[in-house]
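In what comes next, chain A is part of two complexes: it sits with chain B in the first one and with chain C in the second one.
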Partner chain A sequence: MGWTRKVLRVNLSKGTCASEPLNMEWAQKYLGQRGLASRYLVEEVNPKVDPLSPDNKMFFATGPLTGTAASTGGRYSVITKGALTNAIACSNSGGYFGAELKMAGWDMVIVEGKAKKPVYLLIQDDKAEVRPADHLWGKSVWETDALLKSEHHEPQMRISAIGRAGESGVMYACIVNDLHRAAGRSGVGAVMGSKNLKALAVRGTQGVKVHDFPKFMQAVTAGKKVLAANAVTGQGLPAYGTQVLMNVINETGALPTRNHRDVQFEGAGRISAEAMREKRVTDGKANLVRNQACFGCTIACGRISQIDKTHFTVANNPKYWGAQGGLEYEAAWALGAATGVADLEALTYANYLCNEQGMDPITFGTTVGAAMELFEMGVLTTKETGGVELKFGSAEALTKLAEVTGMGEGFGKEIGLGSKRLTEKYGHPELSMSVKGQEFPAYDGRGIQGIGLAYATSNRGACHLRGYTIASEILGIPEKTDPLVSAGKAGLVKAFQDATAAVDSSGLCVFTTFAWTLDDIAPQIDGACEGGWTAARLLEMGERIWNMERRFNLDAGFTAKDDTLPKRLLKEAAKTGPAKGKVNDLGKMLPEYYKLRGWSPEGVPTNETVTRLAL
Partner chain B sequence: MKVKVKLFALLEDYLPVGARNNEVEMEVVAGTTAAAIVKRLNLPAELCHLVLLNGNYLEPGERGSRPLAADDVLAIWPPIAGG
Partner chain C sequence: MLKSLHIDPGKCTLCMQCEMACSYENEGLFNPAKSRIKVFDFHDRFVPYTCTQCAEAWCMSACPVDAISVDHATGAKVVSDDLCVGCKVCTIACPFGTVNYNHDTGKVIKCDLCGGQPACAEACPTGAIAYVDSDWTGYDKMRRWAGKTDSGAAQAHA
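Here is the complex of A and B:
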């Protein structure tokens, strides 16, 4: 068990919903969520498909531990071919939606085709129905959430929806559940919008059964004790959240600033976790209200903030005066350091808008950063920007663009392209800080060598969560490595990538791995699922998943040439800090990485590797 | 000589009077080490997890032996993580 063994297949072209058994042979090889849904994707979707065509499919997938008593067991992922990247996309979200879907009795929802008119999917335990959503189209995520709960007289219903960004073709539109948790990256919301699917509304009351209850509870209890006793998951993350990294990464000289022109931001302290806790001069209140946990989580790293009512962004707009989700580190960095904006309240507002209209703040912020550089070069002028003085550091420009991009209006349509398409359009593709079309997160590959390799080889485009070597290179988890040294990083990246793929397939949050190893996770899976799950088996499965994703991308047309970094990181040395004078040593790390992966020099899994992993 | 000391996250509470923006300038004698600063500020040893000297990681073995130089920047965090 752990699995419900049921898949809901929804055909939007026909308006049908059908239940089918989960492929248990695949479940034993790929477990759930990321791995299992990717296996379905590989089976059912042509890698060369246009992501925004009806032939692309979406897989909303839970893991076997989703909805159980395991700490952080509330995760689900959306797997599809990404609109932003044209690569395999897997966006993972917390909140409560995943657990609700599982408790409704479904391991996975497969969405195929395209509805003629806007629709939403209603799931009430075993019953599922495609319903008209004309009244929801044009509404924000927040409005959609409220309308659906009211319409169904069901306050406990969980909603996963797109906002106006997803409707209007913002290429990095995301899918937001529970108001401010998101399947955020790679444009999965744009795919959903292209299908005229506004939302999934779910109510589940059936609970989740596990294979061996006493064994499961013993493992879960032991795991929770480890999380509570660990200083990071028991104290640091609940108190300061991910935002605590702002000052750390700035001090280490790896905080990408102003579209990666600099590696340290003079305003970092003003947008940090520490700043969020400071009382404001204007109203005597702190930006941070409290922390928040997702379903079943005993860490509770989430931030709930409240904006300064006198701030220029909201002074005349009480709608934003209430407490909302954010800022988390990645959003604060992308909206702040990447654009040179050090106004915490402005970043908070821009982040609210990203949640409200459903767009990835990382790609939004970094695209604004790229546009600001184009503006300062004179390539973009106020003629193109609709009168916006798009200068680095301008909180007015940032927040104005968040408003028009979320609504799909004016120059916001151009910002909605993402940095790759935008900079190509204006003749400067070298200014897009991206890999495979997806923008970097908040760590500079010159100051942290391993993460540069992780970005270059990430299957969903630049991403820190595919192999979070920051844990080792900066934070010393599980052991400290030197961020400025590239030797040995190929193995480190591979180890993180494989382990993460396993965790992402379980229903658990990857943040548990600041305290847990696979030896802590395996007994929990083994208690929930039949099949004899060990850490070694999970690690091998993670490697299998990584290679399967790689194969999909190769078949989609990606080659080893795409495993690279922008010229800025390879040729322009860091100007300040410990990494001053350094570029990323990708050329040294990549061949070793291919070799360790069992890939040819062209980056293709060899027959031996394919056989070894039973792909 | 003067050095700059920065304390973050749970260590904020240990910042001496006069500290601003998580940092304070301290007058120290030649030969002062990171460990001596930790002791002088009464920082709990178990909370001094990540120690950076001018942005570079200071190994635990160096914290009591490597003397600080004038204008050095010492930054200290408890065990933390993010993503």
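Here is the complex of A and C:
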């Protein structure tokens, strides 16, 4: 068990819902969530499909540990071909929705086709129904959440929805569940919007069983102890959230600033975790109200914030005065350092808007950063921006663009393209800080060499969560490597990528791996699932998943040429800090990486590799 | 010594480990929909809530078939599945809403303190739910306030 062994197949073109058995042969090879849903995607979706066409499919997938007592066991992922990237997309979210879907009895929901008119999917345990959503279209994520709970008299229902961004074709629209947790990256919300699917509303009361309860509970209890005893998961993350990194990464000289022109941000301290805890002069309250866990999580890194009511962004808008999802590190960096804006309350507001209308703050913030550079160069003027003085450091410009982009209005439509399409349109593609169309997160590949390789080779475009070498290069987990040295990083990246693919297929959160290794995770999976799960088997499965995703992208038309970084990271040396004078040594790392992966010099998995991994 | 569940919402993170532990202990699977303790989300604070085991329990007084009795070892008011007829009068009588009907079994369910080892308190990672001396549930709070109390000199100069 662990699996419910049931898949819900929804055809929006026909308006039908059907139950089918989970492919258990695949479940034994790909476990669940990311791996298993990707296996379905590879089987059912032509890699060359237009992501926004009815032929693309979406997979809302839980893992075998989703909805169990395992710490952090509440994750689900949305797998599809990404609107932003044209590559395989897998966006992972916490909150409570994933566990609710599992409690309703479903391992996975497959969404096919396109509805003629707006619809939402209602799931109440075994019953599933495609229902009209005309009354929800045009509503924000928050309004949709409230309306659905109210009209079904079901306050315990969990909602995963798109906002106006997803409806209006923002290419990096995300899918938001539980008001402020998101399947955030690669434009999975844009795919959902293209299908006229507004929301999934789920109530599950059937519970989740595991294969061997006593064995499982023993492993779960042991795992929770390890998380509690670890300095990062037991103290740092609950107290400071991921924002604990802002000052650390800035001091490392790897905090990309003003569209990666700089690697250190003079305003970092003012937008950091420490700043969130300081009492404001205006009202004597701190930005941070408290931390919040996702389902089952004993770490609780989530931030709940309260904005300064006197701040110019919200002074006349009480809607935003209550406690809401606050800034995580990536969002604070993208909305702040990447744009040069050091106004914590403005970033908090922009982050609220990203949650409210459903867009990825990383790509939004970095796209604003790219647009600011175009504006400073004179390529963009107030004529294009609708009168916005788009200068680095302008909180007014940032928040104005968050408003219009979230609503899909005016110049927001252009910001909604993402930096790749935007900079191409204005003749400066070199200014897009992206790989495979997806923007970098909050670590500079010059000051942290391994993460540069991780970005270049990530199957979903630039991403820190596909191989978080920061753990080793900065935090010394599992062991410290020098961030400025590229030697040895190919192996490090591969190890992180493979292990993460396994974790992402389990239902657990990758943040557990600050404390857990696969040796802590395997017994929990083995207690939940039949089949004999060991760390070695999980690692091999991770490698299998990585190669499967890679082959999808190759079939989609990507080549080794796409495993690269923007010129800025390869040619323009870091100007300050410990990495001063450094560029990213991708040229040295990439061939070694291909070799370690068992790929040809063209980046294609060899026949031996395909056979070894039983792909 | 009689013990009570003592809840400190300030420590709760809304992780739901208590609901998972409760449902596993009582139903044999992970199912918050069948949990006897619920955690409520007020956005800026999260509040676990369950039966307080009233000394003169409304549910027990209201039950027409005497299906609710006192476990003298723990003080818990315990529902006997053998006797309960699912009339739900206790769910009306309880002022706090902590007795609820389970349509799968046709019986009501409520917290029984797990016979003296409450699974919710054991599972809580932050100490938001503790099982303490029922005569001194206020001890920590008193101590905190006591720590802020002095002759008044510090207040005057604050």
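Assume the second predicted complex is superposed on the first by the 615 of 615 C-alpha atoms of A that agree within 3 Å, B and C clash if a C-alpha of one lies under 4 Å from a C-alpha of the other, contacts with A are read in each partner's own complex, and residues count from 1 in each chain.
What we mean here is this: contacts are C-beta pairs under 8 Å (C-beta built on N, C-alpha and C of every residue); 3 or more make two chains touch, one makes a residue touch a chain.
Please read all numbers here as calculations on a predicted model, not as lab measurements.
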Combined model on chain A where chain B meets chain C, clash or fit: fit
Touching partner for A:G67 - first (chain B), second (chain C), both, neither: second
Touching partner for A:V226 - first (chain B), second (chain C), both, neither: neither
Contacts of A:Q235 with chain B and chain C, given as first, second, both or neither: first
Geometry of the superposed three-chain model: angle at chain A (Cα centres of chain B and chain C, steps of 10 degrees): 80
Which of chain B and chain C A:G296 touches, first, second, both or neither: second
Contacts of A:G204 with chain B and chain C, given as first, second, both or neither: second
Touched partner set for A:F511, first chain B, second chain C, both or neither: first
First, second, both or neither for A:A471, with chain B first and chain C second: first
Touched partner set for A:I304, first chain B, second chain C, both or neither: second
Contacts of A:T252 with chain B and chain C, given as first, second, both or neither: first
Smallest separation in angstrom, by C-alpha atoms, between chain B and chain C in the superposition: 18
Touching both chain C and chain B, counted on chain A across the two superposed complexes: none
In the complex with chain A, residue positions of chain C that touch it: 13-17, 20-21, 23-24, 27-34, 43-46, 123, 125-126
List of chain B residues in touch with chain A within their complex: 6, 8-10, 12, 21-22, 46, 49-50, 52, 54-57, 59, 73, 75, 77-83
Touching residues on chain A, where the partner in the complex is chain B: 230-233, 235-237, 239-245, 247-248, 251-253, 269, 273-274, 329-330, 464-465, 468, 470-471, 474-477, 480, 482-483, 510-511, 514, 577-578
Chain A - residues contacting chain C, complex: 67-69, 71, 96, 99, 103, 156, 204-210, 213, 217, 224, 228, 238, 289-298, 300, 304, 306, 322-324
